[in-house]
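Read the structure below first, then the notes.
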């Protein structure tokens, strides 16, 4: 993205005229034109290495096959990526790679998204001629807190070595020995210990480096991918959530099996930190899936259809003076821009509620690269919308409050249960929107299960002020639904500007409305 | 007094014997049906039922079936006419079973100075009685079809009624010729007539005097039994029949009725067309062969021979009916009706006229 | 009329055919009862529990899991059988084997025979020849569905 | 027969000492270049002389120098003395005899291109020569031929000897640079060529020892004279190293275009112990083999290319009739599988694979298809690798297997 | 006990390091010196070199395993390296190695128990004109034959 728009030149790939940026490589130009050139050692994040020899292409005027990952395009260059010679060369390279590569796909976690497998299906499909014995190497080497290296599977693309050299600058891995005995290894007594080690397993094109967290859990072809944004810090890294849609007959222990980085040069490049990668248990563990009714006076059963009715009735029944002083709100910054905007409009602007607090996870430590210190994905968004981010003060909160509307499970992390119980018992009506079944839930009259960021639509503003939209990657469990739905209905219910809320069938429309009202959000989303 | 009592005892014994004979034959007809069909189809047939490990080629199968049927749930559909639903199989069963009363099993048995007719009741209108009883059996079908309160059973019942009534006509008409030949409705007389010889050597059996009548009667009787190829009322394999809603013993009764009808038809065929208990050239004192020569036999032996001959003939017709049932495919409903009304009825009329012409000549 | 007569003849012929079968078969049955051995048999019936038809070598019978020489399952929990199973009746849970040459073994291997359609795809898919359907056992009917769920021990044993 | 140029005074005792060398007219060329000539003139002269690189590829040195861009970055000269090619020993020989001639060439080259630091990358095994070179360097410093302000021309030059540590691949220029930078000797991607981005990311000239040896003679005697010593397209004499089954193995400085037969039978004294010639490897082990029938060939770049071989480092290895070609193949494949750096897939795995096949054949477990396998694998390596080592391995294997297929088949 | 260079060597290393614009570039000369000083480059020495040059030990290990001249095992007093490449093998290097193996009682790559000799076969030593040749601690010996070897080795003892 930093690259200035270079001049476009015309090249020919497989006799098809293609526009390419000047100075770009053949591989990138082809990728842009939708032609995939197989490659193993090349990774867009690193300078070309040229060692795997998979990306060879035939270029008119060159006697040898040229590396597409390093050859720079020139005007009128005629490139052929599928000529017989190229395919033969690819086949040859594959044959060499597979000669020394163990055939343990059945036990390899990479099987299914292994590049070597893919290319073999695409270009190989030969009978093995290799009758000699393969080199014996270390099969199971623990090289990091959750990484396992299988040197036999390694094809020496050195992506891992380069990653540790150029991204984390820790240089934990090296290539030892030479020739066919070359192998990637760690120095004894050391290991890959950094907050980005999980990326190694992801960039490894074969199953040489596998992730212990995912090791043997399932097979990758069962998994489906959903795009989302990591909510574990304010960076807002783009992620892919890989989940298992389940078997019809057998129950699986969990839905989400791993998180992968999704490329976004503006935010996270190609990487995500280990916290975001391995901290996905929040998606499955302890989820609430039913509306909990602890204390309801005289009403019938609450469902999602009549929650807004219930809330609206409770708020409307308060005297107008009490509306501003009697209502208290506890928010958190896992709410999307749209939800915060609706909350701001309803409670701050229309009802003029003053007691609005934010309960979030306590600050952590930043690592100087992607991970930020604030584990709140939308703090910046809340500020831009106009919230004054105040920490929860229980005495102020309870003082003269009749109606408490709380969001999120984080309250329990901030105060001791006893203290919390004492303060909350003074408040007459308490409603909680939370995704978890938590002991905190018992302190509220009604607990409404809500969807997490991975399960809803909306947008988040990251620490740098980039507004990123997201779509649901997973189905919310049980009765859970996103908050914005109930907030839209509540707005209508309160009748202050019911037409205004009626115009919001989706977060997208809310965001465009936000753009109208708050210049910060204008056109940031596209 | 004692005379009356003895008379009653004799009749009672006769009833018991006839019923036991009928029911036992019915039971074993089920076995026979299975075995015969198996032989026809190169199979083995039922041979598993055993008592203490003895399983003589499946002869205990009928008992097993009976036990099974008795212990099966007797399910009465909640929407049915319960009383009629329960009654129907008994009606069917009763009217078939009662026909046996008119069938002569043999000549008069003489024990001392007492003569015993080997026939429960020697009606003078025995033939009419049998025809009447057979046509009354249709009530069971119709009632069961209707009382089950099921569209399909009703259709089955109606079909059954229509078919049986249609063939009743041909059946009755086919016998007119016979009555013209043997001028009696008394079955024992008919049998006796058949003991005479035609042209001095050929027994005067109905088959020889009334070949066409025999054919019509055979077809009509087969249709009466409602078995393949005339099984449109039940159509076990695809059409849903009148006893769909029956289970257990009541269904068993329908099944038994079915087989009993086979036996009754066989006895009628034997009695009317094959000389009943008559053995060719056997008189009450022994054989008198037409080519000269005699074989004199004691009275008991003659009676036993006659009863055996009757049984063999009945048995043959049972066998034949089962063979027919396992050989031919089912008629279409319109074909059944066509056959009855358009072929058998006119043919029987032709038979009557023909018989009349021949007799007057 | 001639046509009808033709039908009639055919009908009679049909009856004769069945009669022939009846008589011939009866003859052989009687011979058998009398203890006379004949080449031809009266029926084609196989008396199942006592007599058993030889199972063809390609017949797909009850599954079994093969073992390594040391008795461990040969299965490496690659889950290809799970993937290929059209009735989704196989469930595998992998676990780490301390032996780096094996690495992966099935901690759970469950086949729900109640769902299995015996297509044999799992056998075809298995890269380790760990699952076979050659036991020749076709008599594993059970009174409850639960008893048809076979786990690792049952499949190996 | 033309005169010897490089090896002219090799008979002299203590030629490696600066005094002796100077007595023979040493450093006159350097003086001439630095005092009387401009760098452009030198470049012009070298270009005119058609001096082709002596390392193997035969790229004209003058053109190579002209690629060096004019930048503010420091520029480097690397003298490639990593003589690893089996059969080649000329550099060791000439360096040990006359190290000063190399230094003189370095001075002129550095002056011409504007270089102030030169590294002599010498293979690790040549410790004695490295010491001799270091001694010569210190002598040159003392005499003012190196160091600051050489010969009052305002030109500074430092020369260092850098010992390799046993890696054939470091003879490849980019691998040499990597090795010099203290990394594994893995070849770099080209482009960028070392002339623009080389040692420590700076423009770098890399030349073979023998190439640099020639420089002083070109400067001293002029390009015309130099061309006369050889062929018009390919100036100068060439040092041929003859080894193997000959009577007199050693180096022979001869003009390019001398016939191979003459070199073997005339100069090297013919076959040892009256053995029969079987094959010749004409340019170091990576050159395709020539059979006994093919030795009537002129030894220059183009003639050999025509004969599908190459001049390479002009190291002639003579193989006699008694030697089994399988043994030759075994040595060749073992060498390349041992020396592959392990970077590119075809070279890393292909060479070891071929080696394994050859060993298997030698063990008597070969099959007929194995020979086809060798051919297929070798041709798959050829042209598919980053550096020329892949080709260097594939070519001899291909040529040996093709030309001696019958003999190889007799082993399977 | 981690090893340490002598003061003299340290100075020498400083001098060498000063030649290169990047400290890391001096690693090969420094490793040569290390090998000379300690006889081998084991993990401890690797760490020492890494510390001196300010790089990670793993970088040193990469080089030590890449270049064949560095030995991670300690060598004997005399390191006999016999060329096994083409020119030498043509002239009987194979027999010559066999002779040495017999004489020293060790296989190539091993060291005699008295730590005096280490025998290794190497690729071309660049002395093909004197084939078969060998090198004992960087001293070349050419035109080898058993008799000559005996003389040389006896001279070393």
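Chains here go by letter, A, B, C, D and E, matching the order in which they are written, and residues are numbered from 1 within each.
By our rule, a contact is a pair of C-beta atoms (placed from the backbone, for glycine too) under 8 Å apart; a residue touches a chain by one contact, two chains touch by 3 or more.
Remember, it's a predicted structure, so these values are computed and weren't measured experimentally.
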Pieces of the assembly without chain C, by contact: A, D, E | B
Given chain C and chain E, the chains that contact each of them: A
Innermost chain, where centres are averages of C-alpha coordinates: A
Identity of the chain that, by mean CA position, is farthest from chain A: B
Most remote chain, CA-based centroid, reference being chain D: B
Busiest interface, counted in C-beta pairs: D-E
For chain D paired with chain E, centre-to-centre distance based on mean C-alpha positions, whole Å: 24
Centre-to-centre distance between chain E and chain A (centres being mean Cα positions), rounded to whole Å: 53
Distance between the centres, which are taken as Cα means, of chain E and chain B, whole angstrom: 116
Mean-CA-position distance for chain D and chain B (Å): 118
Shared-contact residues (touching 2 or more other chains) in chain E: 59, 62, 66
In chain C, residues with contacts to at least two other chains: none
Sequence positions of chain B contacting 2 or more other chains: none
Pairs of chains in contact (touch as defined earlier), listed by label: A-C, A-D, A-E, B-C, D-E
Of chain A, residues touching chain D in the complex: 48-54, 56, 64-65, 67, 70, 72, 89, 92-93, 95-97, 99-100, 129-133, 135, 155-156, 175, 177-182
Residues of chain B defined as touching chain C within the complex: 36, 38-44, 57, 323-324, 326-328
Residue numbers on chain E that touch chain D, as the complex places them: 19-22, 24-29, 31-32, 53, 59, 62-63, 66-70, 81, 84-87, 89-91, 122-131, 135, 138-140
Parts of chain C lying in touch with chain B, wherever the complex brings them together: 11, 14-15, 17-19, 21-22, 25-26, 29, 33, 42-45, 47
Residues of chain A defined as touching chain C within the complex: 104-107, 111, 139-140, 215-219, 221-222, 247-250
